Structures are given as structure tokens and as C-alpha cells.
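Next up, some structures in C-alpha cells.
One chain, chain A, links the two complexes that follow: it is found with chain B in the first and with chain C in the second.
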Partner chain A sequence: MTTVTLAGLVKRFGADAPVIDQLDITIESGSLTALLGPSGCGKTTTLKLIAGLLTPTAGEIRFDNQSVIALAPEDREAVMVFQNHLLFPYLSVADNVGFGLKMRRVPKTELRSRVADMLELVQLPDIGRRTPASLSGGQQQRVALARALVIEPRVLLLDEPLSNLDAHLRDEMRELIHSIHSALGITTVVVTHDQEEAVILADRVGLLLDGSIRQVDSPKAFFERPASAAVARFFGGSNFLPGTWTDGLFHTDIGSFTVPSKTATSGPAVLTIRPEDVGIEIPTAGGDVDTPLVNTVAGVVRSSLYGGRYARFEVAVGSRSFDAITEPRRFDALASGRPVTVRFPPEKVWLLPE
Partner chain B sequence: MTVRNKLSENALQRLRIWLLLTPAMTVIVMLFVGGLIAGLARSLNYFPLIGLTEPNLDAYRAVLGDETFLRSLAVTSYISFTATAISSVLAVAAALLLRPLVLRQRLFYFMFSLNLTVPHAVGAIGISYLLSQGGLASRLARSAGLTDRPADFPALVADPWAIGIIVEYVWKETPFIGIVVLAILASVGEDYESAARSLGAGRWQTFRYVTMPLVLPGLVPASVIVFAFTFGAFEVPFLLGRTAPTTLPVLAYRSYTDVDLAARPEAMAISMVIAGTSALIISAYLALTRHYSRG
Partner chain C sequence: MGLLLIALALPILPLAVWSVSFRWFYPDVVPSVWSLEAWVAVLSPANNLAAATADTVAVASLVTVLATLIGVPAGRALGLNEFPGKRVVELLILAPIVVPGVAVALGIHGLFIRYGIANSRLGVAVVHLVPTVPYLTLLVSGVFANFDTDYELQARSLGASALATQRFVTLPAVGPGVAVGALFTFLISSSQYVLTLLIGGGEVVTLPLLLFSFARSGENAIAGALSLVYIAPGVVALWLSSRHLSGNSAALGGLQKL
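Let's look at the complex of A and B:
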């Protein structure tokens, strides 16, 4: 098993601005790490740099603390599975899977049995004689995975492994990647633009924005403890409230709020809370919005959206507005113009650096 | 719509296409097939206008038993094979070298394909000016002190190894094959090669097991066309070749223009051998591609 370290990595194409700029991340041995980021943020470039298919402009790539910069791609044992599978169209499925072994001059009998084992592992035992063109997208993806795994690489690099697949195939593929990863324990890096894909696939996520890593954490931490407003926004956060933390409270222009002390650093900061954590209550009869609950403010529903499995509201509070997501059944009760009590549960708010 | 209606509509559509093609097809059939049939008839000594009404294989017997013809066949095959092989190798090398540039700039495509517009006869005269013993290269060698007299310069035109002819063909056909290979390389991109490298293939292995199989479907037909063309081309060996042994097309021309009218069936027989060889090569190629496409 191999730990991959990228340190101060820079990749620039010609005179253009760098695609990767000072990227630092350590991918733990045997982990399944997702590099997540929007299109064009340098994710695939990072994979190609690890695989040795591109040369970095500056910085260091180490496998188990040994620099691999000088190693050619064929000597790195870091195999990349491309988004569009890239099965060689002129070879049969079995010959595709055995390609890496043939390049290593593995004897034919051993090659055949390892190819058969691998096709078994990806649950496609009987398709060795077929051509890639006769396979479905999901099958091609599995064959590409088998072709990479058969050479027992130190590092497996998967470029958007689920993005070309239909919804039901995505689930199957995700399970397959999980089971293969737990069976073989190969250090695996998955690149994706889809935060859901990253969260369900990986045990660690590195968020890549504008060519550098903004946060490396467990998937849950990105929702609960984002490192910056940009990170929170990427994970669907839309509520940001600037203020100052003093005397145990966070003071803002719409009121003062209790925040968990572990998140607080004194001075100016930005309070954030996920839309699904914002509480909306209909005030009790008489229009009294001064409830005894902590962290509540009076607001008015400005707009609402029925999303089938959820209902989404925009609520105005003073000069600010907040997004809230509730169960869909509450949609009818919370029409536009309705006065509401907005609650920010203290255990759900998080302070970001200004 | 019933099946019957659909069938008749398809038949009507096909008829319409055939009718539209008829004028062009008539010209092609008359000129090409008609010429071929007339040539075949005369090679078989069948020419009713001058009273030859009994077809026979005399001309073929005479031609195939003639040492001049056999040497000519050997020279023609040697020239075609060498020129095609060199052009193919250079074309693949040039396409690989140019690929990164071409992807960025169309100008390189244009420059690469520039000499496709120059006729072979013009190219042959150019080569003659450049490589003959009185040519530019010879004069440069002399002024550089490498030779004393023009005759000291190696004979590259009308020489025993047909170097002048091969150089002309290579100069002209390399870009032709190269354009085909380059178009494939540009459309396929470098991802397959990257995938191969990542799977452990070295540079040479990647070329051998990935690049070549990807370009072969374009390289083979282009090379076959070049072989068939150089096998049947007249003007370049006529301008740059030796008088004897010469290539088959030149031999056929000489027999045809011979004062002895009896040599005409032999000229036609030689032409039929050229046509037959080309047809053979093309059928071999078609059989190969059919086998190849079946995998």
C-alpha cells in the first residue's frame, strides 16, 4: 500500500495561468480519496500528473516518501482509468484486460488466468471474446477497471468513474468500486465534479477550487465544518451572515446568536448554517414571534419552491435573506408573505473566517 | 404504411438514384470499362477491323517469355515496393512529429499537403534539375570541393537503382499517406496512448501496440493506392528512368508506338498485366480489410 504526497504542485500550460497552483495533499495509504471540484479546476490534470502522463511545472510527487517525478508513466505503477474508458477498439475484451500484463511479458498461461480472475472480480466472467464496441457503457467501465487492476498497481486513479453511467448503473458501479477497494486495499484517487459522488464513494475528500486544495476532510466535515465560505457554497451552503464574536455571543445586524464555543474565534467572522438545518416555525396565535427559544428571529417567507422530496423557502429577516429546506408536506402551510419564526439551532451553526 | 408500399417506395428511391447516376456512369463505363475491354480484345489479337477475328494468347506468350518484360516487371515491382515502403515509414514518422503542431495550427497541415497539388511530371523535372549529374546538387558538391567534375557526382537520375524515380515518388506520396495518417491521429487524440503508458507500455510498445493498430486502417489503403499508382504510372520513369530495363508502363508505351504494328497486341498484353496486378493488389487489400474489420 502506498501513501501519495503532492507538495507545492504547479502545472502551467505554455504562458497561460497555472491550472494547478501550489497543490498540497497527502493521500493516505489504502484510502479511497476523492478529488472534488468544478469542471476545469484541474482535477484530471492532477490525476495525469500523479500517473506521470504530464510533467509538473514545479513541486513534488512522492509515493511512500520517494519522489516519482523522474519515473516514466510505465514505471510508476499508478494506473489511470479514463472517463471515456479508452478500451482499445481493435482488441477483444480479454486482450484489453491482459494488455498491461502483455507489456510486462507475463507468460501466456498466467496472463490468461489473471485476466479471467479479473473479469470475474468485475462480475463480467463471460465476455472475454467480445469486442469493446459490443459492450454497454457500464460494461466498458468495468472492463477498464479490470484492465487497470490486473497489473496490481500501487495507486489506482479513477477519472469521473460514475459520470457516464445511468442512475441505476451508478449505484452498481459505486458498490463495485467499494467492494474492490475493500478487497484489494489499493490507494485509490477518484476525481469527480459531483459532490454527491464524492461523498458516497470516498472516505476522504479533497476539495479543489481554482487549482488548489481548499479542504481535505471526511465527507461529513464538508457539510458540518466547512473551512471557508467558498467550500460551504460548493457543498450547497447559501446562508452567510457576517458579524463579530465577543462576550460569548455572535453579534450581527439582525440580532445576536449563540454559537458552539469550539467554533468561535473572537473578532469578525461569518456565521453559516445549512438550509436544511434552518428551522421555520409558524408563530403562535396573536402574531407573537418572541418565542423563548434561543437563536430565533422573526422573518417573512419571500418565495417557495416545491421540489418533490423537499420544499425550499427563501425567508427575509430584516435586510438579510436565508434559504431553508423542509419536508415537502410543509409547503402549503408556508406560502409567500407568511410571517415566520426562523431558528438557527446553536449546534448547527458554524463560524467561518471572514 | 403496408410492407408492400414500403418495398415499392424503396425500389422507386433506388431507381431514382440510378437514373441520377446514369450520365456519370455512362462516361465512366465507356471510358474505363470500354477501354479495358478494347485493350483486352487487342491483347488477345482480336481486332475485326483489320481482319483479326480469331482470339489467341500469342501476345501473352510472347510477352511472358520475353526477358525484357520479366526484367521490366522486376524493376517496376522494386520501384513500387521501395517507394511505397519508404513513403509509408516517412509518412507515419512525419505525422507523429507534426501531430502536436497540427493540433494547434492549421498552417502546418497546409504546408504538409502543399506538394500534393504539384503534378508528377513537374516533380520529375524538378528532381532531374536537382539530382542529375548536371543538376544543382552536383554543382553544389563541386563548388564545395567534394567532386572535380559533374561526372564524379553519383548518378541519381537514370541510374540502375532508380533512385531519382523513388525520390520523386517518396517526395510526392509521403504527404499523401501522411495526411491520411495525420487525420486519424488528430481525430483519435493521444488518450489511447496515455492509457497504454499508464498500463505499463513503454514508448516503443505504445507505438507498436497502440499507435500502429489505430492508424493501420488508414495507412494500409493509402499505401495500396500508392503502390497501385506507382506500378502503373508512366511519366516519372519515362523522364527519370533508364532506357533499359525500364518499367512496365514505359515498355508498354514503347511497344505501342513501335513502328512494327505487330507489337501492339504485346503493348496491350503488358497493360493488361499492369491492370491485373493492380486489381490483384486491391482485392488482396479488400480481403485483408474485411478480415480485419471482422476482428
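Let's look at the complex of A and C:
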């Protein structure tokens, strides 16, 4: 079990702007942590830095508080599994899996039994003699995983492990990664650009934007308690309302709202609410104008989209506009141009620093 | 494939007929008198066939080793890296092939005399690097352009040292391509005439030099026989390497079936 600490990590190629800029994250021992970020944000670079395949421009990488910067990749015991699996084409499956053991001069009989055990673990027994080219994409990915696991690394680094797979293979691979992780307890870092992949795979997620970590949290927290507008946007948040928080109320140009006090920071801030949490009601004729529900404002449906499992609306409120997602059955009742009451349930709004 | 073999073998046929002819004049389709005299003459010790073969093989082997040592690292660098002016560098590498061999050899000759390697196998081998290194470098750069260096990183990550990575990962991947390059180097070297003549100064007599001397003096039968001997190493080398290269090239794959 190994805790991985990246501190002030910087990686710059040539004279270009740094790919990784002041990256700090602690990956808990035995956790399955996802590094999530858009393409080109330096995720794979970060994995290569941990594996020792690249040298950082500045900063520190520690395994259990011991610096590993000076260690060559072959001595680091942090094994990287590349996105395109990279099985050596001229070696059999068994020789591929046994490669790391052969490099460590493990005796032949022990090597053979460990390779067989590992192929068993990834649910591919009896394919040792085949060539990598004769395997399906999903099988190749699992062999690559076995090849990394067989040397019992301190840290397992997976680069986009699900992205090359079909939908049904993704589920299988996800379950396999989960079961292997809980069986072996190896500290695992997964890199992905796919928000859903990170959420279903990892127990911790680190969001990487523009070369640095913006938030490290449980997957759920990114949806409910994003640290910034950029984080909320990456996770599909689209409603942002600037205002000022004073006297227990959040004042904006379209009205004042109650917010849960524990989320509130005094002064200027941005209110956010997920589209699926926005309530849309059809006002009753001559309704209770004097005693409106808490946190409601009047609006008009501007556009609507039927999405099968959901219906999506854009609602104009004053000069602002909000996205709302409802169950699909309400699509017909909420046609474009329809006046509606928009509700921001207090327990579901969240305040972001300005 | 059959057509290809005919196309490869057909030019050799007249040489074979020449080598066993004694009298062959227009308009005869085949020689009017046959004889094995030419073969006897070629194989007789007086004609230095053994010495010429030894010179040829020694020089070509040395060239192959030296050119590989220079061309493989250069080709790797050229194949794996993108940099401004890469096209210009590639053109400059080809420049020695464009410049006439005589011009190169005359300039280099004086230098070699000063260093004491003119008229020697070493001198000839060094001058043969001029036409061979460009081909080898560009060929190897093509091989490396198709090589994903992440394989090397993967091996390092799995625990292979830098040296073991070269041995177990890089070499098996690029080996066949480099072997083809080395083979071409050997063949180009063993077919050099002008450079060998000028730098060898008559001390180093390779097979092409021997062949030209017979062809020039009108000894068509002996020249024919000698040509067959001269072609032999190339065919053998191609045949041997095609066993490891089947599929990479139609011509090489076809030779394997011979």
C-alpha cells in the first residue's frame, strides 16, 4: 500500500507554456483515484511523470513520503498501462505477461505459475500461447492489465482504460478493474477525459483543468458541491447567477433567494443549480401571488428539446436564462412561449466564489 | 508472383548462355559452339577470382558495419523527431548520391593519401560510405517513423533497463527493417566501380573491377561467367534474409519461393 504525493509539479516541453503547472494532489494509499480532464490538459503527462517515463521540470513526487524523482522507471514499481495496450506483437500472450518478471530474473517455474495465476485473474485462462494480434480489443486490454499486475507494483497507472472499448465491454472492464482493485488493494490512478467513466470507476476524482488540480473529492461532490464555476461547467452545470450574499439572503438582479447557510460565503458570489434540480411549475390562474413559494421567480419557456429519457428547456427569467431538465412526460405541457414559475429549491442551490 | 520471378530471372539468362558459349554470332539464336572454357578460365587461380571475392566481401562487410553504426542512430533521430527544416536535412543527406562519384573520389583521394588509407581496403570501405549511408539513413528513418516509442516506455515501466529495452523491444521491432538496410548497403558496396577503382588504386580489386576488365577486352564468355559469380552473393543474401522478411516486400517474399 502506497500513498502517492505530487507536490508543486511542473512539466514544460521546450519553451512552450507548461503542460502541468503547479499540480498538487495526494493519492491515498489503496484508493482508486481518477484524474479527470479534457484532452490535452496534461493527464497522460502526469501519469508518465508518476511512472518515471518523463522527468518533471520542477516539483516533487513521493511514494509514502519518499521522493522517487531520482528513481529510473524500472526501479519505481509504478506500472503504466497505456491506452492502446501496447502488447509486444512478436511475443506470445504468456511472454507478454511474463515480461516484467523476466526482467526481474524470476525463475522460470515461478514465472510460469504467476503468469497463469494472473491470466486467471483477468478471466483469460488458456490463451497464453496465442499471439496478441489474435485477441479482441477487450482481451488485449485485459492482457495488458495482467502484464502490469503480475509484477505486483506499488502503484498501478491506467491511461483511459475504457475509452477504446464498446459499451458492453466497458461495463465488463469496469467490473474487472473494481474487483481486481478490491482483491489486491493496489493504489490505482486512472486517467480519463470521460466524466462518466471517472464517476463510475473511481472512489476519488481529481479534476485537472489547464495543468493544475481544481478539486479532489468524491464523485458525488463534483455534482453537488463544485468548487468553482469551471468545475461545475465540466460536470454539466450550466446555470450561473451572480449576486451578493447578505443578511441570510442572496440578492441578484432577478430577485433574492434563500441559500443553505453552510454553503454561504458573505459578499459577492455566484449561485449555481444543476439543470435537473430546477423546478418548473405552471402557474394557476389568479394564483397566490401574495404568498409565493420560497425561491420562485416568473419566467417564460424559450426553447425545448425532447431527449427520450428527459426533456430539456431553456427558460428566460428577466434578462437571465436557465437550463432545466424534467421528466420527459412534461414535454408537451411546457411548450415554447409558455409562462412558468421557476423554482430553485434552497437545499439544491450552491454558492460558488465569485 | 510468377511474372515477377521471370522479370527477375530473365536478364540473367543471356549471361548464363554467354558463359557457356564459344562461338555466338548474329543471326544465331543460340551459340553455334558451346564450351565450358570460360568457367574453367574464371575458376583458374590465374584470374584472381578468389582474391577479388575476398576483397569484395571484406570491403562490403566493413562498409555494412560502419554504415549501420552511423545510419541507424541518424535514421532513428530523423524518423522519430519533427523539427523545422527536416525536409532540408533529408535532401542534404541525399546530396552525396546526386554528386558524381568521380568528383567525390578525386577530392577524397588526396585526403586519404595524407592519412595513409588510400590503396587499402579500409580506404575503399570508407569511401563506400558516401553512397551507402544516405540510403541506409533514409530507410531506417522510415522504419523508425513506423515505430511507436511508447513500446520502449512500456518496457521501461514494466522493469526493463534501457539496455534490455533496446534488446527485447526495439531490436525485434526495427530489426527486420534495419537488416534490409544493411543488406542494401552490402549490395551497393559490392557493386561500386568508380570509387573502388580510384581509391583502391589497383591494390583493391573487387569483383566489378575484375568483371569490367574482361568485358572491356571483349571476353564476353568470361564476362558472362563472372557476372553470374558476381550476382551470386546478392541473390544468396536476399534469399537468406527473405526468410525473415516474408510479407514485407513482394520481391523479397517471392525470392523465398525459389
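We adopt the following convention: the second predicted complex is superposed on the first by the 348 of 354 C-alpha atoms of A that agree within 3 Å, B and C clash if a C-alpha of one lies under 4 Å from a C-alpha of the other, contacts with A are read in each partner's own complex, and residues count from 1 in each chain.
As a working rule, contacts are C-beta pairs under 8 Å (C-beta built on N, C-alpha and C of every residue); 3 or more make two chains touch, one makes a residue touch a chain.
What you see is a predicted model, and the numbers here were worked out from it, not measured in a lab.
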item: Chain C versus chain B on the shared chain A, clash or fit after superposition; value: clash
item: When both partners are placed on the shared chain, which of chain B and chain C touches more of chain A; value: B
item: Partner chain in contact with A:169 - chain B first, chain C second, else both or neither; value: neither
item: First (chain B), second (chain C), both or neither touched by A:131; value: first
item: Touched partner set for A:71, first chain B, second chain C, both or neither; value: neither
item: Chain B versus chain C as contact partner of A:92, first or second or both or neither; value: first
item: Chain B/chain C common contact set on chain A; value: 48, 51-53, 72-74, 78-80, 82, 84, 86, 88, 90, 99-100, 103-104, 147-148, 151
item: Contact footprint of chain B on chain A as seen in their complex; value: 48, 51-53, 72-74, 77-80, 82, 84, 86, 88, 90-92, 99-100, 102-104, 131, 147-148, 151, 157
item: Residues on chain A engaged by chain C in the complex (per definition of touch); value: 48, 51-53, 72-74, 78-80, 82, 84, 86, 88, 90, 99-100, 103-104, 147-148, 151
item: Chain A-touching residues of chain B, taken from the complex the two chains share; value: 191-192, 194-202, 205, 209-210, 213-214, 295
item: Residue numbers on chain C that touch chain A, as the complex places them; value: 148, 150-151, 153-161, 164, 168-169, 172-173
